[in-house]
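Each chain carries a letter (A, B, C and D) given by its place in the written order, and its residues are counted from 1.
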Amino acid sequence: MSHNLLKGKKGIIFGALDENSIAWKTALRCFEEGASLLLTNAPVAMRYGEINKLAELVNAPVIPCDVSSDEDVLNLMTKSMEHFGGGVDFILHSVGMSLNMRKGNHYTDIDYMLNSKTLDISSMSLHRVLAAAMKLDAINEWGSVVALSYIAAQRVFPDYSEMADAKALLESVCRSFGYHYGVKKHVRINSISQSPTKTTAGSGVKGFDGFISYAEKMSPLGNASADDCAKYCVSLFSDFTRMVTMQNLFHDGGFSFTGVTMSVIDQMSE
Amino acid sequence: MSHNLLKGKKGIIFGALDENSIAWKTALRCFEEGASLLLTNAPVAMRYGEINKLAELVNAPVIPCDVSSDEDVLNLMTKSMEHFGGGVDFILHSVGMSLNMRKGNHYTDIDYMLNSKTLDISSMSLHRVLAAAMKLDAINEWGSVVALSYIAAQRVFPDYSEMADAKALLESVCRSFGYHYGVKKHVRINSISQSPTKTTAGSGVKGFDGFISYAEKMSPLGNASADDCAKYCVSLFSDFTRMVTMQNLFHDGGFSFTGVTMSVIDQMSE
Amino acid sequence: MSHNLLKGKKGIIFGALDENSIAWKTALRCFEEGASLLLTNAPVAMRYGEINKLAELVNAPVIPCDVSSDEDVLNLMTKSMEHFGGGVDFILHSVGMSLNMRKGNHYTDIDYMLNSKTLDISSMSLHRVLAAAMKLDAINEWGSVVALSYIAAQRVFPDYSEMADAKALLESVCRSFGYHYGVKKHVRINSISQSPTKTTAGSGVKGFDGFISYAEKMSPLGNASADDCAKYCVSLFSDFTRMVTMQNLFHDGGFSFTGVTMSVIDQMSE
Amino acid sequence: MSHNLLKGKKGIIFGALDENSIAWKTALRCFEEGASLLLTNAPVAMRYGEINKLAELVNAPVIPCDVSSDEDVLNLMTKSMEHFGGGVDFILHSVGMSLNMRKGNHYTDIDYMLNSKTLDISSMSLHRVLAAAMKLDAINEWGSVVALSYIAAQRVFPDYSEMADAKALLESVCRSFGYHYGVKKHVRINSISQSPTKTTAGSGVKGFDGFISYAEKMSPLGNASADDCAKYCVSLFSDFTRMVTMQNLFHDGGFSFTGVTMSVIDQMSE
């Protein structure tokens, strides 16, 4: 059942690869809640993914965009202005890639050229999008931007490796740009720190299944699913949360403030 | 316009004194979004306030309750079960009083008997409500509890005095009970750390006006109003935020993550 | 080997029960580093403990003090002024007792009269000591106060129960009073958030051994011992840390910023 | 007077430009406390600075090192091993440069090539040093590494611009590498989040004087000086703090946990 929470609102969704993606589910949920959408992803991800299927479902155009290219990002925001005949009301940034993890490099022995690309794609891409939007005035007054993050930005998960640093940088960009865009145009910018989620991208992380099951046991409500996250995104895009900005919001069934659970203690003492 | 976000949901609102209260505005907004309500406040506050006017507006019964009395709280939850014919889906805890501030005692020279009452009324009252609810099974599966807090729980505001400690304790109760109620029944418990808000209660704090204006200048989006807070409460009572628990959520226009603003620097260098 | 880090400094040590106590070891270490000491503990704890043995070792008087009594605390600080012929340079507050845990009451079903005493003894006792000290001018300019805390103040450890809330309150008192005493007399006040430590007091916590072994596996450096903590206290009492105040300092081998370790994952997947 | 806190210890100091540098003062203090030192700085900084003067004062060799060059860093650590005939016991990383600030680019309109260099020099340089050290086993068991940071990593200071993001990344590297080096060799890694300090480097930041005076008024103990910071570094390099790791330690006279001071309120209402 739709609550028309986003009726009349326009938004851009980054990073919908396939139906397991948080971005995919968020697009569906935003559409259901009355939003008009524009989809984008990296040209290479579009080839492997099924974004065109999603585009049909939510009746949205797809604009390819390499987020590490100033030109591509500017082009995307320009096209968005043209398509919507003005600014958007929300943006979901669901983008991240660790090139050193992909190469199998251990955190203590990374290639710094690859690391620079990891940070550029996973973190500074948000800055690039926001800077282009500010230049073109492509986000409406009181618009809402959400970036997806992970608690590794605060605490170490050994296998999450260089993505942890990238997420810490991403969250800092949310705060820093959140200040400037807030003062200038009341645009609010937050990150959601989501439970580990079984997406096609996430599956690449070594030992991911073991970790999902640990997080499940360590969360009083269990892990938050991609569907739950889509709904939380909708609430943050809606007018019910207009004064929330520059925050990193844990959406994780309580994992972040749980020191230990009986369930973990029990399993460890078996 | 209603979005029917709380259609079919039942809730208890603590602490609506008069139309300036956050609790008052939250009751109105919850009602508008389709919720059935039950109102409560301290007997003494009911005499000075206008809760009966609100009760008519939202078509709700009023049950007096001294939150420092085990008996009163148990009675309230029992009456709630009877009235609704079962458990509730949400609770707003908007309760707080600093007896030492009332007496004009400086933070460094308080009366510890009064302090004990301050902590009991402002913080442990939430525990008492939750314990009674758990005993009677008076909150439904996936229910949502919100307590109102303030950033003085994290950082010192000299005139906020003993309420700062009370809020820190309150937030800890949210986490501690959030764990147990989460594991047991998926009930989620969060606090909202709200901008300083011009309520009748808040007005009692010495130098409050000066502080509101400072916070306004220190918040990229300005201070969040009581109305904004009411809407944020609705989002947290809704099904769009089900996996958020044990969090302290800043609702403050960005104040919490702002180190300084140009506006403050400018005024200070005049 | 002594470094004379506290040469010429005078201090009060609360809470040395027996040779397993952090306070006991801190007293020894402070003495070794050149400090003059005064010891205190609750009358009842003195009967069961061996504080007089410590008193001989560090050549210090013992003044009994029930920290929940305004009179006792004022008497203690007065005696301290007399003994030292002036103010002290440091204080260790190592005090805490959970009356509901002692009674075996589950966190969700506590007695609020006992809880009030728990908070008074474990948290507000620090306030009482500081208020008495301020009244009598019993802490010297740039003096250093340390209170012992635990990470349950931030994250839930189910069996740690009401002590978690007490520690959250204690840390808030450190900040609040830290502001006022800092502004007034440059006195700095911090808490140390220590690894779970096998003391006689700690042993009372249900499932404590299991938890110590979990924490050991979750800390990159392992758990910090009572001896390590004593040394850390010395560093905070010394002139090498004079601008650190109002902080909660984790002394835990990295536990606080570790999300998970390979060691925990391995044991869980066995 | 020396306490011989670092007697027998060997360390590397990065970033001593001139006598206003925190690194300069830390080198002097470490030397006084009995340490043997090796100094390093960027070739270009060495030309403008006076590092050779310091080298004489502390009887240390100087090895130039561009921290953005894998080769230079490996060479430095190799030379260090040769010079000391083994590993070091501590390292101070006091390195940072914002290329966009230097160009006068506003935070919302940066050059991403320059940004990539800023992050590499200011943040990933620490990773490069630690990775090289790990490869060569150039830090002794229980060694201590300190990096200098700033509270802009947590809260926005508008003029601090891209350095805020760089510091957030730097602190994440401390945690991430702190885990791995801790598990492997008990090496502990922390950052100090220092008050704004009038160094030659800091002076480059626009509006810096106004900000130092604001921070002074917002800190119960006033701003921590470079000298204070040097002493704090010594305490963290010493054996009195061996179980502290992966922490960001505020050394700021209480600024970090102060919401507002009477002094600021007073000046704003003039």
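Criterion: a contact is a pair of C-beta atoms (placed from the backbone, for glycine too) under 8 Å apart; a residue touches a chain by one contact, two chains touch by 3 or more.
Fair warning: this is a prediction, and the values are worked out from it, not measured in the lab.
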Any chain that touches subunit B and subunit A: C, D
Interface with more contacting C-beta pairs, comparing A-D to B-D: A-D
Where subunit B and subunit D are represented by their mean Cα positions, the distance between them in whole Å: 42
Length of the line joining the C-alpha centres of subunit A and subunit D, rounded to whole Å: 32
Sites on subunit A at which at least two other chains make contact: 155-156, 158, 175, 178-179, 246, 257-258, 261-262
Graph class of chain-chain contacts, one of line, ring, star, complete, other: complete
Subunit C residues within the subunit B interface of the complex: 70, 107-110, 112, 115-116, 119-120, 124, 127-128, 130-131, 134-135, 153, 155-156, 158, 161-162, 164-165, 168-169, 171-173, 175-181, 246
Subunit C - residues contacting subunit D, complex: 3-5, 175, 178-179, 182-183, 186, 188, 195, 220-221, 224-225, 228-229, 231-232, 234-235, 238-247, 249-254, 256-258, 261-262
Residues of subunit B defined as touching subunit D within the complex: 151-152, 154-158, 160, 207, 210-211, 214, 217, 257-262, 264-265, 267-270
